[in-house]
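Here come two complexes built around subunit A, the first alongside subunit B, the second alongside subunit C.
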Partner chain A sequence: MNKTILGYVPEESPIYRTHPFVRVFFLLVVSLFPMCIAAPEWNFILVILVILLMRYSRIDLATLRFYVPVSMSMGSIILISYILVSGHHPEFIQLASLGPIRIYFERIRDAIVVYLRVLPMIFITVFFLSTSRERDIIVAMRSIRVPFVITYLTAMALRAAGMVMEDFSIVRQAEQARGYDPVGKPIAYKLKQWVMYMVPLFALSLRRADEFSNALVARGYNFTGVLKAPKRADYVLTHYRFHASDAAIIILLSGALVALMVLRYRYGYFTLEGSLTSALLHRWLLR
Partner chain B sequence: MSNKSVWEVEKGEVRKAGVTHIVIAALLIGIGAVVGAFGSLSFPLGFGVNFFWTGIAVQNVGAIWFGMWGVIAAALFPIISNGIAGTPVYISLAYIPANAVQALLPAWGFRYFKADPSLRTGRDYLILLATITISNIFGALYSPLVVLKGFGLLTAESVPLFIWGWFGGNEVAGIILNIILLKALSSVVVRTKAFVKGWWA
Partner chain C sequence: MAIVEFRDYTWKYSRTKEPALKNINLKVEEGTFVGIIGPNGAGKTTLAYSINGLIPNQYYGVRQGAVYVLDKEVKQYRSDELTKLVGMVFSDPEAQFTAMTVEDELVFGMENLGMGVPEIRERLDWVVPLTKIGPLVEKPPYEVSGGQKARVALAAVLAMTPRIMVLDEPTSMLDPISRITLFEVLGELKHKQSNTIIVVEHSLEHLIPLADRMVLLYNGEIVLDDETEPFFEQMETILEHDAYPPEALRFFYEIGQKGYYQGPLPFTVEEAAQKLEALWQGGE
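== the complex of A and B ==
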């Protein structure tokens, strides 16, 4: 099993046949798709495609359970933002009113549009974090010749996040061993836990910083010439080859983005006008 | 230790940015990523805005102690912490200016007014409070009005909810956690070689 940023993925997963740069490229390019699409049904199809890709990549879909509260909270916020705090708009079609709150057809439709625009972006991020290891991000950066110092900073930061996570767990267990139990306690009590976590986490990290830098200096690491560093041997890159299939995926994704933008902004496809969701909502809410 | 001795370079003292500072930036990104993500998941308002964002302490305190290295970390760690908490990558990238200012202003305030990071006098507290409040006001106005409105995620009517959410979530967490961290650890940090008296070293 490969330990990724969000969990574990089998070593044999087909996703690891792609070069790490392709996965970063996928995150950056496919995250733009929902921004170009207004019609919710297309964004919903994108969510389904990403879930299928997750299954194909043998990602444990239980990871998604972790994001259910996030999606629900985001949905609630959009609901509050668009429907309950929608203001007074005589130009919109009013469906109902709850005291001072007026519920408009356009606001419900817009809430669905926004929610289904954000949802695929979340799934794409989860897909990326579920399939990427710390090393993959470093390889992707070195593949496009990002300066050594920036790559190294990223590598250390990702490693540090893992270490802080372990420290966090130790500190939490220590607090629990002392009788700290936030279950069923008021929010002020729960806030107190962050005070108890932060001081030891910072103290541990400050000590680590000394150990880290001493180890680096002892190994002769030098960050002079930040952006124009001397040529270095990229050992880790020798383990990865950029195949024709990787190039094909990058061309395909780039082509899809260009096609999407042309279709949307030149020919008016993927807009709300004429969208299936809009038509169905119109039929259900305004008949 | 007097205020002067904390920030002023001694005669003959050579200060140069080095490996330690890059390591500190990396570790701050690590702490921020974990603490910020847990804060975001515990008290979410939506799109990376929270009712009590613990990551603000890493931004403020990190930049006060470590200057631009703390600012760099402050600008970058929310990309990871927000990603883990389910915020789309482009929204996190668009938050960079707000996050950078939230770290930059307290760092500038402490250096410019020669405030003691150990918060020994009322003046030190006042500078901390003023700088984090102004920087949070900037963040609270920039993020909902520029980022979330720009991405079409909010209606004009709901913008105040996010402005207050961002400001309140950062301000309350910032006041509580910054004071405790600065009081507890500043006296140790200022003696380390990682402590930054200027902006880079």
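== the complex of A and C ==
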């Protein structure tokens, strides 16, 4: 099994036949698809396609259940926000009123549109993080000749995030070992404790930064000198080959994005006006 | 020729009142294995950092005297020049990991020194089996065990083939088995390579059999500096200055004090067992 950012994927997964850059490209380009699509049913189809892709890549689909609560909370927040604070238009169709709150058909429809735009992006991100390691992100950046300093800073940031989480866990366990139990305590008490976590965490981060800096200097890392020399070997890249199939996927994804934009903005496909979901919702809510 | 030399060297960190090192004079000959011992706060890490230029380049403080590497003052070196000469392994191996996989970690220093891919590959082929980290190269360095981390840290420095290796308490976070494995690797380095190795260490059991020379630091000053055997003949001084020798050595010192043993002190458990057997049979 290959350990990825979000879990484990079998080593023989077909996804590993692709170059890491293709996976990053997929994340960046396919995430734009929902932005070009207003009709929710098409975004829903995109979600299904991504799930099928996950299955093809042999990602354990059971892990998706972790994202169900997040998706539901997000959907609720979007719906409530649209109903409560998004204003109204004189032509909006009022469905009901709850005291001073008026509920409009258009706002519910818009909330569904937004939700089904965000949902594919979440699935695409989960797909990417489930099939990639931190190193893949760096390899992808280096293969398109992003300057070493930037790729290295990215790598250190990814690394530092894990370290901060680890330190946070240690600090929290130390607090709990000394009898701290937030269960049943008021929110103000919990907030105060969270602030208290920050003090040792900050001190640890400073120490980590100091050690990190020493380690970099001790191995010749410097923003001047050899590092600035025009040729710096990139050994990591020697492990990866960019195949014709990778180029084909990139061309296909780019073509799909262009086609989507042309169909949407020139020929009016994927719009809300022609949306089946919108029509069904209209018929159902205004019965 | 002295490859490292401290000449009347004093260093005081800007945040402290007392100097961390006071008037240090120390010469380390090329190819020797030197053990630096002493209690916490004795100045061991400061001494190590002064050799590879972290002090004074990365720390604020006041300096008197100088440290020389190959007869050139440390302060005069460019950082990449000094990195080629002095490799440093820190006490917390995890803190020095800056890459996503063990292999990237090993490669990082070599890339910094401007090496090409064939040379990097050649050095990896040498250093990975030497430090016994073959199965780990694809793993993230912070996910391997403590002993493996220490070996990865050592390998990352070794791959840069520095003439001087400075190890600052490399076993401080290791279990006994990992300590043995690390010192086995250091032993191989000592016997097969011509590196000068300076090890700052509390755990003397495995250090002593390898060390050609020992230095005892106390309160920022060198209290004892001698070849390993004569060094441990001065046990009273060692014990007075809070350095704790291995149990076997200490045991023979104590029974010697009581008049039951005379002769050279054993450095390892195996030597102690032999001497005890000889004593038991009335031979010594």
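Just so it is clear, the second predicted complex is superposed on the first by the 269 of 287 C-alpha atoms of A that agree within 3 Å, B and C clash if a C-alpha of one lies under 4 Å from a C-alpha of the other, contacts with A are read in each partner's own complex, and residues count from 1 in each chain.
Here, a contact is a pair of C-beta atoms (placed from the backbone, for glycine too) under 8 Å apart; a residue touches a chain by one contact, two chains touch by 3 or more.
None of the values given here were measured: they were computed from a predicted structure.
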If you stack the two complexes on chain A, which partner ends up touching A:E273: first (subunit B), second (subunit C), both, or neither? neither
Answer with first, second, both or neither: which of subunit B and subunit C does A:E91 touch in the superposed model? neither
Give one of first, second, both or neither to describe whether A:I138 is in contact with subunit B, with subunit C, with both, or with none. second
Name the contact category of A:R107: first (subunit B only), second (subunit C only), both, or neither. first
With the two complexes superposed on chain A, say which partner A:E11 touches: subunit B (first), subunit C (second), both, or neither. neither
Please work out whether A:M74 is in contact with subunit B alone, subunit C alone, both, or neither, and reply first, second, both or neither. first
Applying the document's definition of touch, where does A:D181 land relative to subunit B and subunit C: first, second, both, or neither? neither
See if subunit A has more residues touched by subunit B or by subunit C, and give me that chain. B
Check the residue A:L216 against both partner chains and state whether it touches subunit B (first), subunit C (second), both, or neither. both
Which parts of subunit A are touched by subunit B and by subunit C alike? 152, 156, 158-159, 162-163, 208, 212-213, 216-217, 221-222
Using the touch definition up top, name the residues of subunit A that touch subunit C in the complex. 3, 133-135, 138, 152, 155-156, 158-159, 162-163, 208, 211-222, 225-227, 229, 231-236, 238
In the complex, go through subunit B and note every residue touching subunit A. 18-20, 22-31, 33-35, 38-39, 41-42, 44-47, 52, 54, 57, 61, 73, 76-77, 80, 83-91, 151-158, 161, 173, 176-177, 180-181, 184-185, 188-189, 192, 194
Listed in rising order, the residues of subunit C that touch subunit A in the complex are 49, 52-54, 57-58, 78-80, 83-84, 87-88, 90, 92, 95-101, 103-104, 107-117, 120-121, 140, 142-143, 156-157, 160
Within the complex, subunit B is touched by subunit A residues 5-6, 27-28, 31-32, 35, 67, 69-71, 73-74, 76-78, 80-82, 85-87, 107, 110, 114, 117-118, 121-122, 124-126, 129, 149, 152-153, 156-165, 168, 190-191, 194-195, 197-199, 201-203, 205-206, 208-210, 212-213, 216-217, 221-223
